[in-house]
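When the chains are written out, they are named A, B and C in that same order, and each has its own residue count from 1.
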Amino acid sequence: MLDYDLTRWGMPLRYAVETVGTVAFAASGILAGMRRRMDVFGISVLGFLAAFGGGTLRDILLDRRPFFWVAEEEMLWLVLAMCALSLMLWRRGRRAAVSAKAIQVADALGLGLFAASGVQYALVAQMSPLVAVLMGVVTGVFGGVMRDIACNEMPTAFADHRPYAVLAFLGGWVYLAVQWLGGPAWAALIGATLVTTGLRLLALKLDWRLPGWRPG
Amino acid sequence: MLDYDLTRWGMPLRYAVETVGTVAFAASGILAGMRRRMDVFGISVLGFLAAFGGGTLRDILLDRRPFFWVAEEEMLWLVLAMCALSLMLWRRGRRAAVSAKAIQVADALGLGLFAASGVQYALVAQMSPLVAVLMGVVTGVFGGVMRDIACNEMPTAFADHRPYAVLAFLGGWVYLAVQWLGGPAWAALIGATLVTTGLRLLALKLDWRLPGWRPG
Amino acid sequence: MLDYDLTRWGMPLRYAVETVGTVAFAASGILAGMRRRMDVFGISVLGFLAAFGGGTLRDILLDRRPFFWVAEEEMLWLVLAMCALSLMLWRRGRRAAVSAKAIQVADALGLGLFAASGVQYALVAQMSPLVAVLMGVVTGVFGGVMRDIACNEMPTAFADHRPYAVLAFLGGWVYLAVQWLGGPAWAALIGATLVTTGLRLLALKLDWRLPGWRPG
């Protein structure tokens, strides 16, 4: 049922958005490695961890094989090409011309889509609603968490004090709500993505803060 | 056989102790996040990592599905409620009224029980004695290790210089000894837990030290 | 086919080299723990992580059970004995008499062999060439990465600025090239190991540098 809906909704659209998410997360990892003056291998690992870490952890937790990057191997080649490209741009002394804002927008899009697709994969694997929503959070967030841990930093998702993972959690429940109301899988996927990504962009624009331990 | 023994021993008792262990480890993660001034998401992740990290790693290594927190989903809701509760207490400006000592006692109990149950799961999965004992150590210790790595700290279990994981290792051999002597599974489970937890409490009380590299 | 070739090539040789690699990586972990003044448990965990981390991650990603350290359990006993031995040497006040250079040579050998065997395991599991080469890199490199992350350090493989993982990547393609040319599995295994290990030793001797972000 789910897969049938997805097929009708159109693989090209899903594929395009997934590619954008992968590129965005890979870029965030590559830029993080450059900022820390890693060598070309460290930069590549961070790119791969950020782009594939969340989805791989989800696939391990759901016991889903082949991994999504084995089934859609062109994603691996894409990220490998990005790593090679970043190296070439770099050797010629040019700085990557990607503004921090562009990265944030792409990251918000990736967060929303990866979280929504994580919920869907978990539902296909017969998980309960809470587990499915948590799988969505894992898919959307843990690529960035692994990137930060490999950099030997406290993950920004844990101490950013702006809504991030909480929005993926919220988007997961939107997915389930659409489905409980009888909506098709494509509507749930788009609705969840829009809520997560839209609220993330709003949160960045309006500087929303999460409750947290404030010094003083 | 093992499962039959466990059933007779009484699921309510096992369930109660497992719940105490989960609550204790989750509290240790939540408090660690508060101390580091993380936001509400970081605190929740640390609670989940500490409570479920060791058992999940064990289940992945044993290729055991569904995960214990999928089969007993109320554990997830329990930790989620603890995270929400900690947030509410916090917003009202109250400090968590949990003394460091209470945490240490609960942590010792969790260590003993999770280690013993890890040995049992591994034996049910036909692992050899050494692998089973190591699975017990992984189950009891790695939740805390993941919590500390996510906090960007050297895991306290590695550099505490008080017996901790070593006691889980010892408890695992106690489990096997009881079984080799013909004792039932419930006796092995209780014996291993008592040895690990009891020696841990004694070690804290008497300030035992492990051999290690002492400066000077 | 592959397994048949391997059998003819001689298990004793493969086994000997694999043992050397495990010992070398375990020693690197144990020495890293000593340098950081960890206690005996921390030192043991680092030894196990360095020796078994890369292969275990490979086995999880390939969904390969039993793990290699379950199938060849004497490897576990070997590393356990090394941890106990290091403790005894230590208590008698003797420093480990292993020079940094010996470690580097052993580490280069381990890198080459583990990377080549990782490619082979992935090909047996029907992975594509790129995935197989990446599995080789994971097998050879991630034991050391986990060791460094558990020490709360930025992994040296990411920021060493000398060729390391890149050579495992190169060795993986050598493996595939030998196979595409019709060579037997043992030739591919030896060729890939020689290229990776040989170039690593040359890189250390001649102080080759990877392109990276140089300050100034």
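Here is the rule we use: a contact is a pair of C-beta atoms (placed from the backbone, for glycine too) under 8 Å apart; a residue touches a chain by one contact, two chains touch by 3 or more.
Predicted, not measured: the structure shown is a model, and the values here were computed from it.
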Proportion of interface numbers common to chain B and chain C (over half same, under half different): different
Magnitude of the superposing rotation for chain A and chain C (Cα, nearest 5°): 120
Chain centre separation (chain B, chain C; CA means) in Å: 31
Multi-partner residues of chain C (each touching 2 or more other chains): 60, 149, 152
Footprint of chain C on chain A - complex, ascending: 33-34, 36-42, 45-46, 56, 60, 65, 67, 69-70, 73, 76-77, 80, 87, 90-91, 149-152
Footprint of chain C on chain B - complex, ascending: 60-61, 63, 127-128, 130-131, 134, 145, 149, 152-155, 157-161, 164-166, 210-215
